[in-house]
Every structure is written in C-alpha cells, then in structure tokens.
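Across the two complexes that follow, subunit A remains constant while its partner is subunit B and subsequently subunit C.
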Partner chain A sequence: MSETPSRTTGRTRRHAVLLGAGLAAAVLAPTLACAQTELLNVSYDPTRELYREINAAFSEAWKAKTGETVTVRAAHGGSGSQARTVIDGIPADVVTLGIPSDIDAISRISKKIPADWRTKLPNQGLPYTSTVVFLVRKGNPKAVKDWGDLVKPDIKVITPNPKTSAGGRWNFLAAWGYAYEKEGKNADKANAFVGEVYKNVPVLDTGARGSTVTFAQRGLGDVLPTWENEAYLVFEEFGRDKFDVVVPPTSIYAEPPVALVDANVDKKGTRKQAEAYLQFLYSDQAQAIFAKHHYRPLNRAAAKPEDLAQLPELKLFKIEDLQGDWDAIQKKNFDNGGLFDQLSKAGR
Partner chain B sequence: MSETFAPVALAEARPASVVTEGRWIRWLLIAVAILFLALFLVLPLLTVFAQAFAKGVEAYLAAFTEADAHAAIRLTLLTAAIAVPFNLVFGIMASWAIAKFEFWGKNLLVTLIDLPFSVSPVVSGLIYVLVFGAQGLLGPWLLDHDVQIIFAVPGIVLATIFVTFPFVARQLIPLMQEQGTAEEEAALTLGASGWHAFRTVTLPNIRWGLLYSVLLCNARAMGEFGAVSVVSGHIRGLTNTLPLHVEILYNEYNFVAAFAVASLLAGLALVTLCVKSVLEWRYADEIAAGARGH
Partner chain C sequence: MAPPPRANPPTRAKRRFLRPSVIPGFGLAFGYTLTCLGLIVLLPLAALVTRASGLGLSGIWEVATDPRVASALRVSFGVSLLAALTASVFGFLIAWVLTRYRFPGRKIVDAVVDLPFALPTAVAGIALAALYAPNGLVGAQLARIGIEAAYTPVGIYIAMVFIGLPFAVRTVQPLIAEIDKEIEEASATLGAGRVHTLVRVVLPPLIPAVLTGFALAFARGVGEYGSIIFIAGNLPYVSEIAPLLIVIKLSEYDYGGACAIATLMLGISFLTLLAINLIQAWSRRRFGYV
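Take a look at the complex of A and B:
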C-alpha cells in the first residue's frame, strides 16, 4: 500500500480524460442528422392519424411550391403534458393542442409564444373544431342517451384525467355546461352534477388515447365520452360491430387551437416554413383532410359531402359564454384547489 | 447477481431431515411456485409472440420495415453503445478505488453508486428535466449556447447511464474486495507498472464478472422505459427508443407491430438470460464473491 498515492493520481488523470471523452461523445452525438429542414409539431393525443396525413400533404405541397424538402415530425401525448414539454424546452416549431388554456400556459410560463397568439391566425387559431360524443358498447345495453345518464348508479364512465388531458377537460366542461343549462343556470347544482359523474369513473388515464385503449381494448366501462373524431376512429379500427356512437342532444363546442412557437422558430430559423405550415391548415386541401378524419372543418365548402354527413347536427354551447375567459375557466376548474380537486377530495 | 447464490448455500448448510413438512406439502409448494411462474412470466412472454404473429409472418416483418422503427432501433443501439462503455469504465474505476484503497468517504461513495437502484425511474428522468430543462438550473445557459439535452439524444443517454450506473460497480466491488490486493502487490514488486499490473493481473481476475455485469447493464440500457420516457419528448423518428416505440404503436391501435417490436425486446431478454445462465454455470466462482477460495 506504500506506493498507492502516486499510482492513483496517475490513473485518475487518465480516467478523467476517458470520462471527458465519453461525455463529449454523449453531447455531440445528437446533432447528426440536420441536413434538411425539419419542423416539429407538438400535438395532443388523438391527432396521430390526422397529422400523419396532413404532414405528408404539406411536405408535398411545399416541395411543389418552393422546391425545398421539409420533413414535419410529430410528438403526441396528453395536451397538458405536451404543453409541459414545450415549456421544458422541446424544440417545437408549432403546437397544435387540445385546449386554448394549454397554449396560454406555454405563453405565461415560458414566454415562447406571445400572449396574443389568438390574433395571429384566422378564427382564434382554430382551423377546425370538434365536440364530445359518447362511445358505448354495441346495442347500447345501458341505454346512455344524454349527459344525465352518466350519473346513474350502475354506469361506469371512462374519461381521461382533466389535469393532463385536453379531452378530459372538454368532457368535464361539457358535463358542467349540460347541468348548468338544465338546472336553470345554477352553478352549485352543476358542480354537484359533475361530482356525481366522476364518482362513476373507475380509472383516469393521462391522455384521451389512453382512455380509448382502456375502453375499447381492455373492455372497461360502459360509456366513453370522447372527442368526436376519436369515437369514429375506434369505429374504423375495431369494427362497427362492437361499438355504437351516441350523439347527445347538446354538447360542447370544443376548440383545439394551433400556434407558432415564436421563440423556437426564430432560434432555429424555421419561421417561414412553420408559418406556411400553419397557413396550410386553413387551405382547402387540409380542411378536406380534417373532415375526412371526423374533425369539424372551418370551411365546410372544402370538405367532401360524405364526410360532412358523418358530422351530425347538435346543439353546441361555448364554455366561454357560461364561465368567462380561459384564464377564469382554467382557474375555476383545473388549477390546484379548483373544482376538480375539490370534487376528487369530496369523492374520496 | 450475487444474491442468487444465497439460497443454495442455505440449503446445503441445512440437513435434509430438518424439513418436517409432509411430501404433499412440498409438492403443493412446488406446484404453486411453478403455477405462479407460468402465470406471471411464461404466459405474458408467449402472449407477446402470439400477438406479434397474430396476422402472419408478413405483418410481423412489416413492423420492422417502417422508418420510425429503424430510427428507434438505431437510437436504442446508439444509447447502449454510449451508456454501456461509460458504465464499464466508471464501474471498473469505482470498484478499483473502493476495493483496493482506503480513503475518506468510501462508504458514502458506495451508497451513492447504489442510489439509482432505489430511486424510481420517473424521478431519475425528472431530475434531468429539472437540471437541463428550459426552466431548469442550467436551462438558460444551455439555451444560449444552443445545446439541446432534454428531448434529444444526450438526455436519453444521460438518463440511461443514470439508471444503469450500479450494474458494473455493484458486481465488481465485492469481487475485487474478495480478491484483495496481494496479487497486484506481487506484480508491482516484480517491477510492473500500475497499468501493466491492472491489465495483466486485475483484469483477467475479474473478466467473467465484468462480462456478466456488462450483459445485465446492456439489457437494462436497451429496455429502460420510465426515465427515458420522461426526457424523450416522444418525437417520432427522432427521440423514440424501442420501448417507447412499442408504447406508441400500441396507442395507435397497431397491436401487431407493437408486439412485433416488443418481441425484439423479449428476444434480447431471452438471449441475455441464456448467456447469463451459461456464465453462471461455467464461471460461477469467478462471478460470485465469497464462493472462491484463494
């Protein structure tokens, strides 16, 4: 042991060099493939199939117009968690999220999106809208017809966690709005009704897609209130002989907005392409694709009649008309200590 | 790991007559154990392959022709190719220092090496988001210098290194401790340099234990889900490793492809298991500390 000190220092130095080399490799490795322009669209859960088609169509249209090859990559997850990844620094060029308050959150916390993002694109940044309908087991054995049926004692409702999922928030707000109108605009009774609904919820997944898999693949629950597009997608994926779509008489006007992430596109030098991508969402070609995937296009004239026929007429209410602006809606219902927290505490 | 050998030693130490339970109780216990294994290990494994081939071999192979699948396989291999050698070097360094030298804070170092085993993978991922994320400790500096760590390959590699940190060191420390410093000291007295002694004496002594630990380290590096999921950002074709790709395919109702890719991971696990068993059977003494007489 007598000569150990000198031996260790020599060895330590050599290993320190190795360590440094390893770290350098780890840091440098990522910037390998960036020869062509790439856009990143950070989106919410159920839009995977939609944006696969939109992204391919945009790349083709952009190539035809400018000769430049642009690859649009997509990341999907619960809308709230996706907003969080943008805040934490994912290099998104555009966000296409499920609910306006998630883009507000990015703007408020990270300042990467200006606060007046709604004014930058037509229709408040909404190239399409949607609503919430019910997916039930074939033949509707529990006879679910309207929101009021969700509080029946023998009904199990599958819905995602409103804290992380935009779809979960629309379901929550839709149930609230239904009860509010029905009870003669009594907010207390509407709160109580929503509490009753969530007592029938056995499992809260983090995203709309997770809830769909729980309901359709794992066979849990009697009714899945979900995005209209998601309900029809299950139809196509699992076969129409297993499920029915029930359209309630009233539902919510669901607003999944899109926005440019200004700070990121300026840093990456992709502003031109990213803006063109968002404009493309308002083009006739994209509008037709929205309708094909069961989203409600802004410009109905661009969509195929048979796709429009799949989008039934129903009475839609805007939650802003009942609860005020989005800051107020988010704070009242979903922030820490909001209505959802109070209800889950009371439900326990 | 070395714990595997404890029951064997116990059984040998105890004479057979001590077991007073009747024959049928013993059979019942064995049957329960086998049933349990079949239900919770073999059945799920078979399900993976059954689902993967549910729509025929063509559909199975189609899952691997997709560009996103290729990207996931490449990223997984790259991650393991960086994380495993890193842990190998670090593991040898750390266990060398701990086993052969006395220094202040040694116990603390041993405890720290064990930390990743006791921390939940989600937390392992989150700490990197909290340190390197845009809102994190180093976030603003990294942003100014155009270094992307979280939601890119470096973050995935870092998270993988963190969770696989203990594998090599934990295996080698007891082995090296048990071997002592006598052989190295002999080499040094005979005029070998430190590096020479390490290469010709220490390394051959630990080679099988080292290989064994690298094997386990690699299996975990390729299969890690939790920590990587937190730092990945799930960008298709860019930051999805194989386990994350499986989840995405499953969520897209692409069950055949999901299970096909999962079968690749299951295959990796089976190969690991086989090589591990061979190593244990052939070189048990050199892998496990304490069973070896000098």
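Take a look at the complex of A and C:
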C-alpha cells in the first residue's frame, strides 16, 4: 500500500530539490558572474551616506587608472553585529568598523584578518577619526556644557547599550576618560562617575541610530552624547531650530578603523582591488569627502576649509593611553562581568 | 438544566497506537510528518541544545542563576503571561462580537484583527513607541495621570498584547460560530437565567479554544524581539527581555551563553505549553467537544 505513494513522493521530492537548486542557481549566477569586479565593504551604522560617496569616487578613479570596472557595495549595521557577520562568513573584502575591538574579534575568532592588522595601513588603519559631542535641545535649557553635567540629578541622558553598539562604547569610554583625568587619574572614582551617568539613562537602545530616534523623534532625554558626524546629521536632518550641538572642552579620540579581510580577498581573488580601495581612503580626494561628512580627516590639508571649520578644536584623549591596549579595554569594560555589567548590577 | 455534553469515554479507551483506518496512506503521511517535523523543527532545536551543551550542565546553571538572566527571564515570561491573559479576555470579546452580531463594517473590522500578524514587528514597535512615548498621542495623556508607558515594562506589555491579540481572536472565533442557538434556547426553556446559560452552557465548550489562543499569544510574546525592542527601554534588571540578552551575548561573541539562555527559554516555554495542553485536555474531558 505504501509502495506506490512513497515512490511518488520520492519523485516529487526529487523534483522539489531540483527546483530549489535551480532557483538558488538563478539567484546566485549573476553574483558569481561579476564577483571578480565587486568589492564588499562591511561597515558600521552611521557611515551610509559617507561610503555611498566614497565608493562612487573610488570606482571612477579605478576605472580611470586601470580601465577595470569595480563596484563597491557597502553593508551597514551595528558594528558588533557586522563583525559577527564577517566571522560567520559574509564575503567581506574590507571591514570599516566603529571600534578596533570589533576587528580584533574577527581576527581572534575567525583568523580571517591577521592579528597585526593595525600595522598594515598608515595611522594604525585609521584614515579618519572622530569624537563624541553632545546634541541638546534648542537653546540648551539644562545648560549641558561638559561631561560633568551628565550626572546632575535632573538630566536624562540618551545613549545606546555599550554591549551592542560601538557608539555606545565610545560614549562610555569618553565619560570614563573625562572623570579619570579630572579626578587625578583615580580609576575607582572614574568607575563611580560612569555609574552615575548610566543612572541618568532612561532608555538603552541597541544602536546609535536607535538612540538618535529616541532623542530626536520621541522627545526623550536632555542630552544625546553621540558620534560627531551623527550629531551634525541629526542637526541637518531634523532641523537646526530644534537642537544644538554642544562641543565639550575634552572628549575622546574615537578610532573607527579599516582593515583588509585577507582570507576573503585571497579566496575571491580581489586582493589588488581591495588593497587599492583601502589606499584610496588615504587619498586627498577621500580625505576631503570624510571632512565633508563631519569625520576628522587624517590629512587636514586635503579638506575644504569650510568643512574643517565645522570640526572644532577640542582636547582629545586616547583611551589606550589611559587603559592599555584594546584587549584590556574590551575586557575591563564590556566583556561579561566587566565594568558595565558591574555598574548595571549595582545601579538596579 | 441541561448538563454539559460529554465526550464518550469508551472510544477513548479502545484507541490503539495503530488501528486499521478507512483512510489509506498512513505510512506516507506519517513519514512526511516525521520528516517535516524533524527537518523544520527538531533539527534547529537540536543544534541549539548541542551548542549550549558545550557549556555543560554547570555552565547552563551558572547562566540560569545569573541575576541579570534570571531577571530578564522573569520579565519575558511574567509580562507574556499577563499580556496573553489580557489578549485572551479581549480577544474573546472581539471574537464574540464579530460572530454574534451583524453590523456595518463588520468585515473590515474582521480583517483589521489580522493586521498584527502581517505587520513587520519592527514597524509595530516603532508605531507603538511613537504612540506611547511621553510626547506621543496616547503617551502624553497617560503621562498626565502619572503612567509611563513606553520605555518601561508597561511598554513591553502593550507590544505583547498587540501581537498576541489575533491569536486569541482567531482561535475562538470558529467555535463561537459553531455553537447552536438551540442549545441556548433549550437552556432558556428549561428555566436557566441568562448568566446561568452563559456560564454553564455557552462558555464551557469554548474553554479549550480560549486556552489554545492563550498558549499561542503567550508563546508569541515570549519569543518576540522586533517590536518590543523599540518600546521597552531595555534597561538591565528593569525592562530587559530575554531575547535581547541573547542578542547582547551574541555581540560579546559568547555563543555558548546565548544558546544557554535560548535553551532555558525553550525549556520553560515547553513546560508552560505542556501545562496549558494538559489543562486543555482536562477541560475537553470535563466539558467535551463542541
């Protein structure tokens, strides 16, 4: 009784399998066909507008130089989850992430990037840097001027979860570094200060964009410490009449690094183009684009003066000078049981 | 006073594992069921448990007793239970009105019920957050009477009720439609009052369906991530749900820890659903089928 029907299903199933395979091939074929000339840049969240312009400029420059057409696609998302997609196998040629520890993680877990990636490109793989500034309500009604104001009892601070967001981690480290310098290099007092700041945080979004929306659209909070470029983007997108950008006297030297994913470019045969792409980020043309999008270019001479005028001078400290190398920074603050976990346990 | 109809126990007792059936094709159907269940449900779950078992029982226990994980699980399961209860009560009312009464626009209302099914959860979350935020339409009114909705556990509750409601409505609706008017009339002619008819005659056969709706809404609420994340506030120990903690563990590259929390959720969900199914089976025996 079961003989005939099961043969039928066998056939149907084989047909289904064939159909599925055919569909998959139909989807994949075009990708494979142009894989030679397509680069994938896996980047973090706020760089969408930036890399759209950079990628177009690179394609043009590369075409003029070699005659070869290279298209660069960019994928954006939270820095940590983007690193995870690379570990899990997305064929990224280059990564341009929000914080060095995310590239370290790719290197440590997947070995697709050599451990000494920071030595491969100029300025430790940093074609541009950034910092953390404050976005406040128009007229700055709560008079937020410096990091010390964030712990005042009537201030609500909107910042993303440092566990899931690179921007959140920079905010956390910036607050810590400020207090450390101010309290005469006392780490305990700096820890306590950061705890006080996070007591004033009513919402922990998972990414920098989420926090921006909470602050700008939901009207929650008095101050949004955020990437300098993100602050200006909000300022321009949501209206200059609603917000003000406050630049604190000191802030952190934020390092969003870039690196080649060696294992992937060798497998895809795109090493030459990918290396050229990374070198292009250090060219005068790209440097000018960084400044235009409110990132701090490595070579200030290449940027337009009016763009540089938007990047005010302030005292920037390097977190590595205060806490040691990135392995130590990540472990001390953000790993399971680190400072952030301790503070949220103590603060409940 | 009509006693509630009962299922006949004799057929149940006579049931064997495999009895010759008039419908052919058991082998085929059974094989198909096993394959599908295995490939689609059991295989991924097994992969999950295997990954978590890398930590060992002591490792899983450590994750389970971590106060932050415990608090996230409490929030997830506690709020889902409350939300499923709410969804069941209001879902029942909606289903009743939609089946029992004829009014203009009924078809449209009926279609609207399904919208939370179709809406991408992130969209639902953003819409709810915009509505219930302190500067939102509803949130501003609530704030005036001192209730903070968005960015608190109340926000989680609101999102879970929203996504659970269609389950509660759609499981009860067909059964309400099937209740014979005659039974109610018989009850009335035999002298039962309105409340008595409702409580002893109309409601009992619906209980299994209400429970099913409850279980579905609950399960959906426990697993929900997309919509809640936008409205919850996500503060550790306060409004952090277990699925978010899994995402956080993943961003720490702690795959084992993430799988351990997922396995715990799976275990608790399974026990809860089993309990609901047992109550359901009991209520079927007690009140019978419709």
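Just a few scattered comments:
Definition applied: the second predicted complex is superposed on the first by the 312 of 348 C-alpha atoms of A that agree within 3 Å, B and C clash if a C-alpha of one lies under 4 Å from a C-alpha of the other, contacts with A are read in each partner's own complex, and residues count from 1 in each chain.
The definition used in the following text is that a contact is a pair of C-beta atoms (placed from the backbone, for glycine too) under 8 Å apart; a residue touches a chain by one contact, two chains touch by 3 or more.
Quantities reported herein were computed from a predicted structural model and do not represent experimental measurements.
When both complexes are overlaid on chain A, the residue A:I109 reaches subunit B and subunit C alike. Contact with subunit C, but none with subunit B, is seen for A:G78 once the two complexes are overlaid on the shared chain. By the touch criterion defined above, A:L316 reaches neither subunit B nor subunit C. Residue contacts after overlaying the shared chain place A:A187 against neither subunit B nor subunit C. Looking at the shared chain after the overlay, A:A61 reaches neither subunit B nor subunit C. In the superposition on chain A, contact of A:P91 is made with subunit B only, not with subunit C.
In the superposition on chain A, contact is made by A:N161 with subunit C only, not with subunit B.
Shared-chain residue A:L40: touches subunit B; no touch with subunit C.
Look at A:D335: by the touch rule set out above, it reaches subunit C but stays clear of subunit B.
In the superposition on chain A, the residues of subunit A touched by subunit B in one structure and by subunit C in the other are 1, 87, 109, 210, 217. Residues 78, 82, 85-86, 89-90, 93, 97, 100-102, 129, 133-136, 139, 143, 146-154, 157-158, 161, 181, 185, 188, 194-195, 198, 233-238, 248, 250-253, 255 of subunit B are the ones that touch subunit A when the two sit in their complex. Interface residues of subunit A facing subunit C in the complex, by the touch rule stated above, are 1-2, 5-6, 9, 78, 80-81, 84, 87, 105, 109, 161, 163-164, 201-206, 210, 217-220, 334-336, 341, 344-345, 348. Residues of subunit A that touch subunit B in their complex: 1, 3-4, 7-8, 10-11, 15, 18-19, 22, 25-27, 29-30, 40, 45, 48-49, 73-77, 85, 87-91, 109-110, 209-210, 213, 217, 237-238, 267.
Taken in their complex, subunit C has these residues touching subunit A: 24-25, 27-28, 31-32, 67-68, 129-130, 133-136, 150-151, 229-230, 233-238, 244, 247-254, 257.
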